[in-house]
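Pasting the structures here.
There are two complexes below, and they share subunit A, which is joined by subunit B in the first and by subunit C in the second.
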Partner chain A sequence: MSAPSKFRFVSSDRRVREDRRFVVGKGRFAADIVPAGLKHVALVTCPHPAAQIVSIDKSAALAMPGVHYVLDGAELAQATNPLAAGLDTPNVPRRPLAVDVARYAGEWVAAVVADTRALAEDAAEAVAVDYDPLPFVLDGEAAYRGGVLVHEAHGTNVLLDRTFVWGEVDKDFAASPHTLRHQVKWGRSATVPIETFVVTAQWDPWREMLDIWASIQMPKYPDQAAMALKLPMSSVRVHYDVDVGGSYGVKRGIKHTVLVGYLARRLGMPVRLVEDRLENMRGGDMHGPERNFDVEVGFDDQGIIRSMRMRALDNVGAYAGRSPFQLGKPVGAIVGPYRIKSVQYQAIAVLTNKTVQEAVRAFGQSPTNYAIERTVDEVANRLGLDRLEVRRRNMIRREEFPYLIPSGSTYDSGDYHTVIDKVLAHAGYEDMLAERGRLRAQGMLAGIGIAACLEPSGGNSSFEPLLNPKVGTTTWMDSCRISVDLVGSITATMHTTSAGQGHETLVGTVVGEVLEVDPEAVRVVRADSLNSLPSNSPVGSRMAIMLGGAAFHAAQKIKDKLIAIAAHDLGVPAERLTYKDGGVFDPSAPDKKRTWTELVTVAHRYIHRLPPGMEPGLSVSHIMPVPGGGGLPTADGRVQMYPCYSFEFHLMLVAIDPDLGKPEIRRYVIGHDCGTVINPKIVRGMTMGGIAHGIGAALYEEFAYSQDGLLMAQNFMDYLLPSAHEVPPVEIVHHETPSPLTVFGQKGSGESGYLGAPAAVASAVNDALRPLGIVVNSLPMKVTRLGDAIAAAREGKAAT
Partner chain B sequence: MKVELNVNGATHVAEVEPRTSLLDCLRDNLLLTGAHAGCEHGVCGACTVLVDGTAVRSCLMFAVQADGYAVTTVEGLSPGPGELSVLQDAFCETHGMQCGYCTPAMILAAHALLSKNTQPTREEIVDAISGNICRCTGYAQIVEAVALAAERMRGQNLPPEQP
Partner chain C sequence: MKPAPFEYSRPSSVDEACALLAADDGARLIAGGQTLVPLMAMRLARPTRLVDIARIPELAFVRDEGGRIAIGATTRQYVAEHDPLVRSKLPLLARVLPYVGHGATRARGTVGGSIANGDAAAEIVLVAATLGATLTWREGGNDFEMPASEFFLGPMVTALPLPACLTSVRFPVWPERRVGTGFHEVNARQSDFAFVSAAAQIALDTDGRCTRAAIGIGAAAAIPLRLDAVAEAMLGMPFEEAKVRASAMAALADIEFMADLHASADYRRRVALTLAVRAIADAFQDAARRV
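Now for the complex of A and B:
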């Protein structure tokens, strides 16, 4: 699809229509929806990292006034199927409530239903559970070696251990005059939205319908809920007109939903679960990747990297849903923006007695990008070359696109060198170097951070067939329906929830652009799962491409239909007619025209004036496949993972007072190229928010565990989210390399910022610490750790 | 027990437990759902309301403690149905939000600042909203919204926004 050269609404700095309801407190969040007679759930959780559940005494709780039910895992397991898992691991069943054995501290053991949330919590404390503590394992490498098994029946802690070889790795290493190998670690953190997970379910036994309102961001959510609850999907109605209070990947509350859905049906009462913050952080199963990398590269005297071996071991916690696939997504950009000819990639997912991992923004790509970028920095340092220059030498050049990487994905377009040049010019790179020098001369530690990253977007979930041969997924569609009513108003329907990405604005803008009408006049509504078209929800930076694309094509169908009606009514060939501002006319005979109102009237009222065989009315749907189609991986694991690849380049200056160890970001500039920008306000917000989130992951946020297996970060005083004080002003330098594959040239931008910020902060901190001989290859780089390392290095220096 | 609350200029009588937080009372009893629960331990600020014009965390205050004070929630800021205050409009102009969950509290915190300070510096704005965590935006467009509102209010020669 060729992009129009000029847009009327696309790319203009228009307001985001969703904002009006939020600024007056009229968002409709899941906790705002209160069916009559609503009952409340509180959870009984295991205080041990692993324990046999010997007995559960519910009597005291059930005797309390206002308490309706206490559900245990045995009853729930009897009535439901295990939750869907991504990998083929039938002996690692995952259920909402533990059955016989609990496998992490905080795992749900029983659920109490009462008249109020407070009463339910009181009653949860009265449920007496007798446990026999069991041996446990927390460290991913230890779990990989064996010993304590998290799931005895599985026979190993390993969920996934696959090594891919793409290209002549051994040969390329042998031909490389230099090699470098190091280990880097990505600590366990997550996106931790301010709204916790909330789900309300109501069962109507006469209609046999389970209604669900949830703060959900999850592909295939209604399907998975129905399958686990042993209901036909047509008996589960998920309402998508619920505002989701932040997610960034994690709001996959399938276990919450199955629990509450079962209770609503069992009790014949509407039931709601609102996680409290402790529940959210400990038992909500929303932790992100915790990943150890071992990276080796072969390179020449010029710093040209020829080959890479990467081992990535991810500690996914006590059960697995979709999370091991987070090792698969990076395959789609395994060489980053660099021309590395061959790659060996070993992906390992192991079980431990920690909280279950879930999808986090960028689905595992951010840790991998951090590992790649740390490695490029170290290659430059090893050779005594400039880190920027080494990147420039290795990067794919504009004229090389489309560019096929060794793991089978073709990057659509890019102009990396130009983006870097623009950033350096904007930032005044020489001045930044001088400022670093001045700071160092003043006794500060100072460093410049450099990181590039790619943002794969709009994909087919091809990591499913790549990592689980029993799954043959090759499509991951999204949809839009447009109706023009008989008085000519336009309503577009989307088929998923949103969590702040402005999808209603996206759809309105695109439909307005195509039909040449004011986007504000386009009503955008959300279906429920039963009157829905297929959607795979806003994951993987896909909605600008996929929902935007579906809205484009649906609007195009409306336009085509209007032209066909006009052609028939005017008695001229359709090819002669032009659509403009809602009307259709013949440029060679301008009096031959039909207005919007006339055409709509014909479509809705006058079948005798419609082309023979045409359906009356003006309602169309478009179900859009991923651009480029889809296919299965080859035997050696090559597959087109994503169609579109955005690019970013981060540059920052960090100063660290050596007595405090606290990194302070003095300057932050990012070059951003996501192709055609549909809404500049939204793209800017995504970029800024992603950077803030990345700064958190790099410096502050960690789900730390004690040696006895308990989660230590249980509130926002232990788990530190960046406030307005911690996030510096960020300057964005825009560049636009349109994608040849999308309707306007747009690419994804939802994960932007988060993909590069952690690597950039790590680069800056390491540059600052280099004079002390310190290398920090583990995130988060907390103040305490940096302070200790700096103090030790200075003492060591003083001693020598 | 009964509690009598002055919220957004109107008097409400609610039946609450002594342990009921002001947040739960506003949401569950008065159906003012603009105040949101985030952490329920006083860190994230999503539950912020104004008590006699000062931004406070309604999750850390019992409903009974609010008796006798003037409580303002986000529902009290809008001039009328379908209308926005200058500050609310500024948040729309800069897109100072994404998911909208922290937004009402963020606006109330900014409102409290602007009612005392008509020419806040960037540092003063950052300080005023630093007790409110936003996980979506990275704060840039929020800070810009508050600065824009301050500028527009000065331009209109309006008195400071009153609680």
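Now for the complex of A and C:
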């Protein structure tokens, strides 16, 4: 980082422009948009994990003052199309309100519209629903075996069960002197946003326009809403100019939007739904993966892993959303940073009577990284080798990039060994080992956690055709429009919402870099969906690459146009001209120059001086494909998933009081390589937040269910987010291995920290527990579970 | 998360508050609201009327009554935490108050509210039970008094009659010169409700022998537990960990420990013992530092 930068603004530690409005409490969120006459929705939800809806009596609710409507699932289903599903599962229809059968506790059964939210809640209580409870299934493995069916018409609980074989798996196992097989579990948690989902809809019958303000981070939101509402997409206008108070995948809200959009049209009133925390956690369909892994590896005496078999069964809850694809994305980094020659991967998604799963930060990659890293630790332990050394031996070396992995993705670049060396040097690894020894001598359990993993970035959608052959969508574009107005101000337009990722800073920095102007002077705005260029959304760690790339290319087009105008105006060939600080000049004849203002004036006012055929004005667009594009998978399921691969290496020290089982993180160091960093503050914020989130997933957060099928963690007293007390100071060690595929060499960092923190914490806790001869392979490793496991081990009972 | 409809009254005296309670079975007192308001938001509590006593002047005080410190029911936890009388004369209460919720909730939450809520995981409840505090309330124009040992009846259940208004908590002051305290609790995150907590207050003679002891366990069972047998066993003795452990183990043997989402009964039993021993050890050490 100390080397002189080849950039002017990129990589410099500039402020994040969005921070100001958030710090002073002046963000403008969806709930801040209040159309006149706004009405409020409250939901009637099913109290059973599965139930036949026998009858719904709305009369008492409708008789209450201030109540406008009670909507049930039958009416809504009549008027709308089912919500889009990722897989080809026509017999698993998903709708905003249950029709005839409710399939999880908290599922929406009816919606009440009233003058205020409080009145709507009063009326929701007065809606009398008669339920006939049905048998239910909660456990993913039990659902996979059969028995109770969540959707009778589907004939099975299995949404997806596919086994891929890449390379000579059986042969490589046969040739391996050692094998190791174990099960590891990732518990059900999520990204839990501070702002719950919010959507406001207003229908204007005279313009035939449905205006929507929503707290979204969803690709394909306007089109899915329009299709479900049976409206032309040109009649749905989604306003992207709202701040989103946290998301990391979960702010999809398509069912909320179809419900509210329908009500707004049906009633001719603006209607809003603001989820409360209970609705968010129980019925907001925002739970993340709940995944059982069965991993087997074949390896030699040196700890070189030759082949891996992985079975991953994900409990996706009661309906088929997009979530089964979270088993597909990890295909693009299925061997982690290691040279594993062959892989067998079985991906299973099953339905159960739990809340529906949605996309969560890293889209399924973090659980898989955890499973791989737990396995590498155990390989080292089995052979009595150092865990770091085993990783070093297996890792892809710098000179081997670009590196093709068995499942068909090529890693763009990396320098894993150097990052590890830098982290060890920074952390004082020998001192950490000594500290572990001191703690152990004091009677504490102490362990060092190690995790190395990748963050695939750039966000293709190749997992869609991989897991659903009927889908041909392999990638998504992102775009930027830049206008220089007639007085010379620059406005860049982006075409999605942001949930705190600092995209305005990103675009300003990139445009400033290319046009050599102060980034602060570049206005960045968001279009609405009808004014938008085709764009996706901030998913798949893609925006530095994709929005940054689109802004770069759009700014280049502006620059090229300015040079062309100057060339024509000066009567000099464009090749002879140089662009500098907004002006254009001929280095061989310094008086031959045009300033920014002169060029802008020609473009906007002195159109007769433009090159023949050139469009007047200075407005350009760039729609950018993912570098390398998207490709269809081969028949055996090999595909280039994402283009760029960031690397992270976690090193940490945990101490556990053996009597209490309470882990305490004493030290946390991460080495992070996401290529060229565009804004260091943003990357740092992403990484710190990701580590906090990962610590939560490893130790605290779990959507636990009771045996009778009810969600027990449905508020912040029971769903435990780590607080500032639990998250330690994090030391970040930077390394930059530029990507050859992107405009500045940048890679993604939107999910950084979270990719490896759960694996690192699990590694540390298990290193601490090793002297007791026990292994804990289930997340979250809650205090009391660790306490009980340690007590059992000390009493000489069977290991957990 | 909007409460069901309710009426709201703000009486200016305790008797007026009691009259409002007596007139409506569904009426409930509110002071700091740190427990009640979230419960109302989730509609788990549905009072027909809130009687807001937070601004009745006669209920907010910390008073030295000679031999005991009386704390008015609506005294904010934050105020008690920083009160010089509490700090000098009620060392165990002073020690636990920083563990009550968070700074922000202590600024609103009241000492009496915690007592009236009767949660066995609450630190103030634990200290009241451990030290044998006395609770006073007013009902129908009369004042009543009850020791903590009779007051806490079950999980969130107390002997306080519905139309009564808790007025004060009287904590006994230990006059001994060498008094020490110890407190430990375990939770998943700092400031969460404890899975188990243990409090000890011990007085030593000049030779370091125990002359008086009070030990309590919170959050483990339906009500806070006082381990009087452990306290008695220590009388006349210096700190001996093995003996303390043995007597604590015996005292905990017949207790029915709670199990919930966060902690098993076995966890609570084991950790109650661990924390009791640690709290007692700390209290001995703390007392030994005083001359």
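Of note:
Everything that follows uses one rule, which is that the second predicted complex is superposed on the first by the 791 of 800 C-alpha atoms of A that agree within 3 Å, B and C clash if a C-alpha of one lies under 4 Å from a C-alpha of the other, contacts with A are read in each partner's own complex, and residues count from 1 in each chain.
Here, contacts are C-beta pairs under 8 Å (C-beta built on N, C-alpha and C of every residue); 3 or more make two chains touch, one makes a residue touch a chain.
On a predicted model such as this, the values are computed, not experimentally measured, just so you know.
Applying the stated contact rule after C-alpha superposition, one finds that A:I482 touches neither subunit B nor subunit C. Contacts of A:V244 after superposition on the shared chain: subunit B is touched, whereas subunit C is not. Set side by side, subunit B and subunit C differ in how many residues of subunit A they touch, and the one touching more is B.
Once the two complexes are overlaid on the shared chain, A:A499 sits against subunit B while remaining clear of subunit C. Applying the stated contact rule after C-alpha superposition, one finds that A:S723 touches each of subunit B and subunit C.
Looking at the shared chain after the overlay, A:L71 reaches neither subunit B nor subunit C.
Of the two partner chains, neither subunit B nor subunit C is touched by A:V423. When the two structures are aligned on the shared chain, A:K662 is found in touch with subunit C, with no touch to subunit B. Touch criterion not met for A:L159: it reaches neither subunit B nor subunit C. Judged by the touch definition given at the top, the superposed model places A:V192 against subunit B, while subunit C stays out of reach.
Shared contact residues of subunit A with subunit B and subunit C: 118, 276-277, 715, 717, 723, 725.
Residues 117-118, 121-122, 125, 276-278, 659-662, 699-700, 704, 712-713, 715, 717-718, 720, 722-723, 725-726, 782-784, 787-788, 791 of subunit A touch subunit C in their complex. Taken together, the subunit C residues at the contact with subunit A in this complex read 1-5, 42-43, 186-193, 195, 261-264, 266-267, 270-271, 274.
Residues of subunit B touching subunit A in their complex: 17, 19-20, 27, 32-41, 43-44, 46, 73-75, 77-78, 84, 88-89, 91-95, 97-104, 107, 126-127, 129-143. On subunit A, the positions that touch subunit B within their shared complex are 15-16, 18-27, 29, 31-32, 118, 191-196, 243-248, 274, 276-277, 499-502, 681-682, 684-686, 688-693, 715-717, 721, 723-725, 727, 729-730, 753.
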